[in-house]
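Several structures are given next for inspection.
Next come two complexes built around chain A: one with chain B, the other with chain C.
Moving on to the complex of A and B:
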């Protein structure tokens, strides 16, 4: 195949856009893993649920439990309402799925998150039906065209919002008391408790923050993916792979891992075969596990000890 | 004495309750025995939308038949036994094995060809009528006795789509994009076979794995190959809608000719103006249908308050229930062998999906339409008979 520079730039932009979504969801995985030491298998559903809730506020002809909703709120108001509702959902998730099981080891909590994931998907089907729903975009379907490139404004928004969120997260963790408490809790919960940090409260805030990351990912990705009850599943799988590639527990690793998987699978689909797009992502994962088990940015286990 | 009476009353209550649950009153009151037919749609999983449409189609047909005088025949009503085929082959086979133990006389099999092919070994061991809307050519060549296909096969659809691309749209460098499942792969093979009749090969033949959301790689390969027409063979309407949007956002300008899911209402709802100008090979176009179909569309809308997906969803299965009812009514029995023999003789039967004529492989429908999409509606371009 002849080298086509325009096609390569197009691939890079689209790869970065999809990689940004993987990175945001991977961040959610890492934050919860660091805070409570378990992988949250409902992370993908944190993308799906708010997308459905938002669509109920935005689109005139959406049936909720078989009843047509006609709210049609302005976009910003709808997003704000959903974010507030998702704060409540994050607290509820912590209260029901994690808090009662927190002293019983990691396995019951993992199973609990799997249970919540199954519940949420079935809840979505019962509430909004099995039909995939189109999510209104802030932009028209027109692309920005220059020099043979066709760029969706939504892709630029995804990359920009991800960059802002990463900067915000850096500021939160490095410059605020709350962020430092979250980091301290992630590093050593017992010591954090001895230092007077209210660990349970910090864990609850971590769950809420993770849900909000999923919510924003949902707002960003739904206009280009449409909303289905399975939409979070594959994103979460890739994001999970991204967090392992980056080094499970590492925040920069989750970001770089997400972007890398998005870009590599897009280029791999073009240069190798689109049929193996998913396989390419997981071949990278296996290669990293074989040759650098701690991931690109992870600490070696011996160093941690 | 008192103890015996109490024991008798308790026993009677238990027997009465059991009888109420098991249908004993029907026997006591002389009510005709229901005719049990099986249904295994995908109730959960990513094809749940299809499953819902199938259940709606069956419910509508069964309610109409059970409401008419004499019901199916001799006042015997239909009773539907349902199991979830979900989204994968193993679950479909498990659902089949379970439902075969439910004393059913016919089965409305899944519409997903991959599930039909996975179920075939079990189906071969049970001689009952099987009705399917699965369009993969191979389905009716698996050696399953009594399997009937109630829609045009992919052979007919792919041939019509290919001929339209080459003769009507003057394509010289056609490309193919298809799903990697049995439906997509089978359809793509048919397109390649039909292109050979025009001495052509596709300039690109791209397949994508299940659950793909970003089609950039596939579409840019098609674009850089210089394709002047794109033939798509895809079952999932959500995939079709996303591809249509991304065709536009990746700057592909060639004519698009898609398999029936491109005309699915949920695909059009999501794709919106991205679907404008696309062509679809469709076994049913609203507004260009028979009076049987018009009656079906009206009843469906009045019952469920939304439009059906006639082709892959509710139309074929509605026809299937009526075909069975007609056969049972004529022969005054539900004997499976006699029913299969009767269905094989179907000729000129008017259903929602068109005129039914059974061929040697059990294919009932042999016509397809090419439609053009514009502003959420589909207009008939031409009809093709295979």
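Moving on to the complex of A and C:
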């Protein structure tokens, strides 16, 4: 295959776009992991659930519990409503799946998040049916051409929104009192509590923040993939891989790991094997775990069990 | 106490062997019992890894699949019989578990090990989908023969149940023996405190790898057994979700109890069927039940029985 610079730039943009989604979801993982020391197995459903909820408000033909809804809210209003609803969901998630188990080590929490995941996926199927649903894009599906380069506007939107969110996150963590409390809680809960930080409240806020990152990822990715109850599963597993590759617990690591996995799997899918595209992330994951378990940016070596 | 649990085990085996008589002609229920027995073997193996040695794997469905596919391939393409294929299936799963476990367990534990096994499980399933020469791809393998002894074929679910029961008893016995030996105690020490175990001269890595290989072998055995019962296998049965189901069965039963592992497998095999009258919402209720059980029954069913027993003893 002759080297085609235009095609490669196009692949790079596709890769960065899907990588941005992995990065946002990975960020959600890492924030929860840092705050409570547990990997949240329902993270993918934080992407799926709001996508379905948003569809109910946006698309006239979508049936909820078999009944046609005719809300058809303006896009911005619908997004805002869903974000508010998901704040409630984040609080509820913390209250049910984490809070009662907070003193019992990591395994019970892992199991309860698995339970939540099973529940949500089937709740989604029951509510919205099992057919994949199309999610309206803000833009037309047509590509924009720059001297032979075909770019999907949605890809550009994904990359831009992710950049803004990362900047916001940086501002939150470095410049605000809330962000500093979140960081302190992640670093050492006991000391944070001694310093007068309300750790339970900070943990609840972390869950909500993580849910909102998932929600925005859902708005961004749904126009590309269709909305199904399984849509979050593979995204979440690759975001896992991304956060390990970057160095688990590291925020820049999650972002760079996500982008790297998106780019490598897009190129790999094109040049190596389309059938094994979904395996690429996990091959990278296992290689990193074996040869550099602390990841690209991590400091800690394998955790104590 | 020792003889009491032996008698209890005998009683349970006796009751279990009545299952094909009681449910004669009811293939639907008999099939569920076969499946429950097969799952119990996987879950006991996972119990060795998690309950004894304290390491979590989310790839048991992959080892289950390797056993099933090895057995199916050898019996349908190479025309071996079940009894020849079964040990090879167990060996194949054990070898793959060794190949995965040896590098991983020297480096990783806790969440990291769990994540590495998820990665392996997904790759294994993709290989089953794409390696058509071995697995026939997404179409799966059909016409897997039932086992036979002489001229008798274990064709019905009722007859097959006895084969499964025999293997459940065998693996439960091996597991119980293991728990009581030096190896089992070494694993227990590692679970409680790996650093202290190392300081006592226990080669923690060696025992963790052994536990991982045993868990893989149990899953491989179970995979082969189920393949020859349902006679058709396809890659979508060996997913990450199935690995999660095995883990939930173990946690529900109580992770270091052999009886708990079996009970967890049986209950969660039948629970979705019992909930079927709820129609589409039954899996939702199942998810909610998992959350409720983990919150309200910290030690699983085995722990719950322990509490009840103490209460009765006091009264």
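Definition applied: the second predicted complex is superposed on the first by the 300 of 305 C-alpha atoms of A that agree within 3 Å, B and C clash if a C-alpha of one lies under 4 Å from a C-alpha of the other, contacts with A are read in each partner's own complex, and residues count from 1 in each chain.
One rule holds for everything that comes next: a residue touches a chain if its C-beta (ideal position, glycine included) is under 8 Å from a C-beta of that chain, and two chains touch if they have at least 3 such contacts.
Everything numeric here is computed off the predicted structure, so don't read it as measured data.
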{"item": "Overlay on chain A: chain C relative to chain B, clash or fit", "value": "clash"}
{"item": "Contacts of A:14 with chain B and chain C, given as first, second, both or neither", "value": "first"}
{"item": "Touched partner set for A:286, first chain B, second chain C, both or neither", "value": "second"}
{"item": "Which of chain B and chain C A:132 touches, first, second, both or neither", "value": "first"}
{"item": "Partner chain in contact with A:244 - chain B first, chain C second, else both or neither", "value": "second"}
{"item": "First (chain B), second (chain C), both or neither touched by A:115", "value": "second"}
{"item": "First (chain B), second (chain C), both or neither touched by A:96", "value": "second"}
{"item": "First, second, both or neither for A:225, with chain B first and chain C second", "value": "first"}
{"item": "First (chain B), second (chain C), both or neither touched by A:278", "value": "both"}
{"item": "Contacts of A:123 with chain B and chain C, given as first, second, both or neither", "value": "second"}
{"item": "Candidates 23-31, 113-121, 311-319 or 347-355 of chain B: the single one with C-alpha clashes against chain C", "value": "113-121"}
{"item": "Footprint overlap on chain A, where chain B in one structure and chain C in the other make contact", "value": "122, 125, 233, 275-276, 278-279"}
{"item": "Chain B residues touching chain A - in the complex, by the definition given at the top", "value": "44-46, 48-49, 51-52, 180, 206-209, 211-218, 220-221, 223-224, 237-238, 241-242, 245-246, 248-251, 266, 269-270, 272-274"}
{"item": "Contact set on chain A toward chain B in their complex", "value": "1-2, 4, 7, 10-11, 14-15, 18, 122, 125, 129-134, 141, 143, 145, 148, 150, 152, 224-226, 228, 230-231, 233-234, 266-270, 274-279"}
{"item": "Touch list for chain A against partner chain C, complex", "value": "39, 41, 96-97, 100-101, 104, 106-108, 110-112, 114-123, 125-126, 233, 237, 240-241, 244, 248, 275-276, 278-279, 281-283, 285-286, 289-290, 293, 302-305"}
{"item": "Residues of chain C touching chain A in the complex", "value": "54-56, 103-104, 107-112, 114-116, 118-120, 122-123, 126-127, 129-130, 194, 240, 244, 247-248, 251, 280-281, 283-284, 286-291, 294-295, 298"}
